[in-house]
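Alright, structures below, take your time with them.
In what comes next, chain A is part of two complexes: it sits with chain B in the first one and with chain C in the second one.
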Partner chain A sequence: MAFYDKIFETFGLTAWCGKGDESPMNMAQLLAQTRGEASAEASSGIPFPSLDNLNESCAAIPRTRDMTSGLEDAFLSVKDAMKVVLDPVTQPLSWALDGALWAFLATPWWILLPALFWLTWYVSRSVAVTVFVACSFLFLGFIDHLDAAIQTLSIIFVCTGLCVLFGVPIGILMAKSNTLQRAMIPLLDLLQTLPSFVYLIPLIFLFSVTESKLYGIAIIVYAIVPVIRLTDLGIRLVDKDVIEAANAYGMNARQKLLGVEIPLALPNIMAGVNQTIMMSLAMVVIASLVSAPGLGVLVLRGIRNLELGVGLVAGLGIVLLAVVLDRTTKAALARINVAHENG
Partner chain B sequence: MFKISKKPLKIWAGLGCLVVMAFGSSNAQASECGEVSLMQADWGSAQIVTAVAKFLMEEGYECDATTVPLSTNPALASVSETGEPDILTEIWTNGAPAYEELVESGKIIPVTEVLSDGGVEGFFVPNYLLEAHPELATIEGIAANPDLVGNRFHNCPEGWTCLNVSTNLLKAGGLIDAGIENFVHGSGETLAASIAAAFENKEPWFGFYWAPTSVLGKYPMTLVDMGPHDPEKHACNITAECATPAMSAFPRSVVVTVLSKEFMAENADVSNLMAKLSFTNAQMGETLAWVEDNKASYEEGAVHFLTTYKGVWGAWLNDAARDKLSALLQ
Partner chain C sequence: MANRTQVSIRGLYKIFGSNPDAALPQVLAGMGKEELLQEYDHVLGLKDINVDMQAGEITVVMGLSGSGKSTLIRHVNRLIEPTAGEIDIDGNNILGLSATELLRFRQTMMSMVFQKFALFPHRTVLQNAAMALEVRGEDISKREAEAHKWLERVGLGGYQNHYPYQLSGGMQQRVGIARALTSNSDIMLMDEAFSALDPLIRTDMQNLLLELQTELHKTIIFITHDLDEALKLADHLVILKDGAVVQQGEPQDILLNPADPYIEDFVGDINRARVLRVRSIMHPGEDGDHIAGDVDQNATLESVIELSAGNTQKNYRVCADGVPVGFLDMKELVKALVPARTNASRSRAAR
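Right after this comes the complex of A and B.
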C-alpha cells in the first residue's frame, strides 16, 4: 500500500498502471522490516509526488533511474551519427595540438627560450615585463619543470588562439543581433557551469581518449566564454554618437565595424582575451585528468601520492605561467591603447 | 516445574559479568556505542562494504554512524593526523604508498582482509576479442600480434603504483619493442570509460584493470597469462628506475579494513564486527552484477546483500546484535 494508490484508483487508472516488475528493495523498506514497523511510510507524512514515489503506486510510471538510463540509451544510439559529423570538424584541433606539442618539445631550449623572450619584447615593448618573463622561465628550467611548463604553454597557445579566432566573431555577431544574444546567453552560462567531466566522459565514446582533441575541447569550451561576452559588451558599449558620426560620413557596415567599432571596443576585447587565458590555465588540471600533458600531470601526481610539495610547486608553476601571460597581454593592451590615444 | 541447578547458573552469570566488564569497560552499558565515522570511497565494492557496515552498526549495535566521502590517500592522511574517520573500509594496499609506514607507526591497525580473496590485478583483454583471436591469451601472443589489440596499452594514471609495474612489464615482455604505445591515462575515470567505449564499438582493448569492480562485472574481460608471481622481480618492477624489468604476474592485492588506534581501544564491539566483516569475490561480484542488471544504487545493492546472504553476515555479529536483528535473520 503506497501513499498515492488511492489517487490512481479514483481516476480509474488501475488497469493502465498494471503490475510491473518489483523495484529493488531500498534501505527504508529494509529498516522498516528490521524494526518490525507496519509500514515504512507510516511516519514520514506526505511523500513528494516524485517519479519513484508514484511508481510505487503505479508501475506504468517510469522511475527516475529509467529516465537517466533512457538518456544514456538515447546518447548511445545517436553517437555514431554524431561521430560522422563531429570527427572531421574537430580533427584540425587534434592536429594543431599535436603539432604545437611536437614543435615546442623538438626545439632545443637555447633556441626556444630566446625566441619566447623576443616575442615578449615584440608584443609588450617593456623591459620590466621581458625581464620578468625571462626570470620566470629560467627559474622553471632550474627546478626541472621546463618541459612540463613548455607543454602546458603550447596547449594554452593553441587553445587560446582558437578561442580568440572563434570567440571574437561570435561576440561581434551577438552584438549585432539581440535575438542571437538572447539565445547565446543561456548557452554561455551552461558552458561555464556544467562540470567538465559530465560531457567529457560521453565524448570518450565519440573520440578515443587518446586523441588530444578531448582535452582541447575541454579547455576551449570553458575558456571561450569570456572573450565572447566581453566582445559583445565592448561593441555594444561603443558610443552611439560616434556611430552616428560614422553614419554621417557615409561608412558602410564593414567600414564601421573595422574602422570604428572594433578599435573602440578593443580594451574590452583585450580584457576578454586576458580572462580567456586565465581560464585556460585554470582548466589545466582538469585537462590532465583527460590525459593532457604538462604541469597538470605533476599536480595530479602530487595529489595522488600525497606528495604535497610536488603538487604545490607544479601548481605555483601554473600560477607563474598565468602571471607571465597576464603581464604580457596587459603590456600589449597598454601599447594598443597608447597608440590608439596618440593616433 | 523443573529445577534449575543454581551453581552453574552463578558461574555463568559471573563469567557473563566479567565478559561484559571486559568489553564495555569505558561504557556504562555494553550496547552503547556512540558516534562512529566511516570512510566511504566512491567505487562500487567500497560503497557496498560501507553501506552494509553502517546498517549493521546502527541496527545491531545502536551506533550513531556517519559516512565521510574520501578516497584512499586523503583517508590515510586524515586518520594518521587526526584519528578520524574511525574506520577505513577497503584500503587497497597495493595502491597506497603511505600505508606501510602508517601501520608501522602504530597509528592505524588493519583488522581483516575485507575482500577475503584479495584483489586481482593485471592486464585484461575483452572476451569478445579473445573469442575471435585465442592467441591473445598470453603475453607472447600479444607481442606477436600487436595490431589485434589496437597497438595500444591502456596504462594506469600517474601516481598509481601499477603505472611503474605495468610499464616495466611492457618492457620485459617485449611489447614496447613490438610497437605497442604505452598510453598513460589521466584518471581512473577515463580508463573505465575507454573500456566502456571499446565494448560499445566492439573495438580492441588491452590494458590494466582490477577485480572485483563494477566495470569488470558489466564488461566481461579475461586476465592475460603472464606466468607466476615472483616477489623479487616484482620488487624491482615497482620502481620506476628498475634496470632489469622482468616478467612477473601481479601479486594478489591485499584489501584491508583499517581502524584508528583510538577507536580500536575505545569500541571493542564494533572493532570485533569489523574484524569479522569480509566478502569473498564471488559474493561481492554477484552483488555488483546484480546492481548493474537492476540499475540499482549501491545502497540497494547493500540491501540485496543483507537479504540474500543472511547466513554470512549473521556470523559476524555478537549475540546482542543478533537479537536486535532477529526479525531480519529469519
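Right after this comes the complex of A and C.
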C-alpha cells in the first residue's frame, strides 16, 4: 500500500491508473530492498509527490527513468533527420578547421613565427606587445610546445573568424529590430550560463567524435555571444544626433550602416571580439575531451595519467596564449579608441 | 527681390503617442495639450500650423523649450511624419514622395545644421564638409574641391585634416555650416544652430550667417529660443507656444503690436531702441516741419537718439537710399520705446 493510493481513490482515478500490473522496481525500492527495509515511506513520513512515488500508487504515471529515456528516444528519433540537414551545412566547418590545422602545421616555423609577429605588429602597432608575443612563442618553441600551441591558435583563428562572420550581422539585425532583440536576449543568456560541458552532450550524439566540426560548433556556439551582444549594443549606442544628420542629408540604409554605424560601433565590436577570442580559448581546452587537438590534449593527459608536470607546463602554455591574445586585441582596441575619441 | 513662397505649411498637426489618428479628432475639436496628455496619454506636438516661408529669406521660429520648434523644422524634411496637414515645397506636396524620392529630395533640396553639431567623429573636417556630395555619389576630387571652398569661406581653411574633436565648439559649428553649404541646396534648416555657443562666438556666427546670406540668398529656417537672435536674423518671425503659432509676421511689427500677453512677456525685456528701426515708426509723406536732418529708414532708434542728443522737440526726414520717404517725430520715437500692451494685459496691470 503506497502513500498516495487514497488520493487517487478519492478522485476516482483507480481505473485510469490501471492498478495491478506489476512494473519493475525503481532505484529507491531496489535500494530499500537490499537494505532490508520494509518500505520507503515508513521511514520518512510523507514522501515527496515525485514521479517515482506517484507511480507506486498509479502505474499510469511515468517514472523519472521513463522520462529520461523518453527524452533520449525522442532525441534519437529526430537525430537522423537533423543529421541530414546539419551534416552538409556544417561540413565546411570541418574542412576549414582541418585545412587551417594542416596549413599552420605544414608551414615551417621560420615562416610561421615571423608571420605571426608581423600580424601582431599590424593589429597592435605596439612594440612592447610585439616583443612580448615574440618572446612567448619563442619560449613555447623552446620547451617543445610550439606545435600544440599553434594547433590551439589555428582553431581559435577559424572559430573567432566564423563568430565575427555570423555574430556581427546578427548583432546588427538585433540592433535594428526590437522584436528580434527581445527574442535573442534569453537565448544569449542561456548560451552564456550553460556550463561549457553541457554543450558537448547533444553534439556528441549528432556528430561522430572524430569530426572536427563537433568541437568547432561547440566553440562557436559558446564564444559567439559577446560579439553579438556588443555589436547590438555598439550600434544602439551610436549618437542619435549623428544618425539624424545622416538621415537629414539623405543617406540610405546601406550608407548609414557602412559609413556611420559600423565605424562608430567598432570599439564596442572589437571589445566583443576580444571576449570571443578569450572564450574560444577557454572552450578549445575543454573541447580536447572531444578530440580537439592542441594544448588542451596535454592538460587532459596530465589529468588522466596523473602526469603533473605535463599538465602544469601545458597549463602555463595556455595562460601564455591567453595573455598574448588578450594583449594583442586590447592593443588593437586601444588604437581604434584613440581614432574615435571625440571629446 | 520678388517674393516667392518656397515652403508652405498648411494645417499641420502632429500628435505623439501610440495611436495619434484616434486622438486627432479630439484635437481638431479643440482639446488642449494638458487635457490630451491627461485623458489620452498623447502629446500634442503641433497644432494647426500655417506658415509660408519665402525664398531667399530667413524665417525664424521662436518659442520656449518644448513649444514644438524642433518638431516643426523636422517636418520640413520629413524626419518626422505629420499626423495631418500638408507641406508644399516649390509647389509640390512632399508628403507624397516615395522612400527613394525622399532620399533624393533630402540630398538635393535640403541641408541641416544641428544644435549639437552632429559631425561624424570618425571623419576629418574635409570629409565631414564633403559628406552631402559623397551621399549624392559625386566623385572625390569634385566633392573635396567644393568642401575645401566652403571651409575656406567659413574660415577653417587650415583645419581640413583635423578631426572634429580637435576643434572648439564654434569651429565645429563652422564645419556644420560648411557641410550645409557644400550640399548647395536651396533650403537650409538650422535647429538652434548657435545655442550651444558662448555669446561672443555666437555673435560672430550670426554675423557670418548674415554675411553669407547677403551673398547666397538661401531659404533659411532658423530655430532659436533667444529673442535677440531672432530679431537680428529674422525676415519673418514665427512665435510658437505649446505647439501652436501665436503670432507671425515682420519682427518689427510683432515688437510694436504684440498679439497676446505671452508675446508681451517675451518682448518686454528687449532693448527696443537697439532693435526697432526708423521705418517701423515713421510717418509716410514729407509734411513735417522743424526738420533737423536726415536719417536712413533702417537706422536704429538708438542711433537717432544719439543724433538728436536726446532732444524730443526735433523732427527728422527719413530717407531710403537718399530719397525722402517719410518723417519721424522724436516724441513718437520715445513712445515707441515703451512696450506696447494688449487690452488684456493692460487691465491686468490696472488691477
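Assume the second predicted complex is superposed on the first by the 307 of 343 C-alpha atoms of A that agree within 3 Å, B and C clash if a C-alpha of one lies under 4 Å from a C-alpha of the other, contacts with A are read in each partner's own complex, and residues count from 1 in each chain.
Throughout what follows, a residue touches a chain if its C-beta (ideal position, glycine included) is under 8 Å from a C-beta of that chain, and two chains touch if they have at least 3 such contacts.
If you're wondering where the values come from, they're calculated on a predicted model, not measured in any experiment.
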- Message: So in the superposed three-chain picture, is A:R301 touching just chain B, just chain C, both, or none of them (first/second/both/neither)?
- Response: first
- Query: Thinking of the overlay built on chain A, is A:N247 touched by chain B (first), by chain C (second), by both, or by neither?
  - Reply: second
- Item | Which of chain B and chain C A:V198 touches, first, second, both or neither | neither
- Task: Check the residue A:A81 against both partner chains and state whether it touches chain B (first), chain C (second), both, or neither.
- Result: neither
- Item | Larger contact residue set on chain A - chain B or chain C | B
- With the two complexes superposed on chain A, say which partner A:L264 touches: chain B (first), chain C (second), both, or neither. second
- Task: Determine, under the contact definition given at the top, whether A:V290 touches first (chain B), second (chain C), both, or neither.
- Result: first
- Query: Is A:Q255 touching the first partner chain B, the second partner chain C, both, or neither of them?
  - Reply: second
- Message: With both complexes overlaid on chain A, does A:V89 touch chain B (first), chain C (second), both or neither?
- Response: neither
- Item | chain B/chain C common contact set on chain A | none
- Listed in rising order, the residues of chain B that touch chain A in the complex are 51, 55, 59, 73-74, 76-77, 97-98, 152, 157-160, 181, 183-187, 189-190, 193-194, 196-197, 200-201, 294-297, 299-300, 302-304, 306-307, 325, 327-328
- Query: Can you list the residues on chain A that touch chain B in the complex?
  - Reply: 24-27, 29-31, 33-36, 65-66, 69, 76, 79, 197, 201, 204-205, 208-210, 215, 287-292, 297, 300-306
- Message: Residue numbers of chain C touching chain A in their complex, please.
- Response: 77, 79, 102-108, 110-112, 114, 116-122, 131-132, 135-136, 163-165, 179, 183, 189
- Touch list for chain A against partner chain C, complex: 239, 241-242, 244-245, 247-252, 255, 259-260, 263-264, 339-343
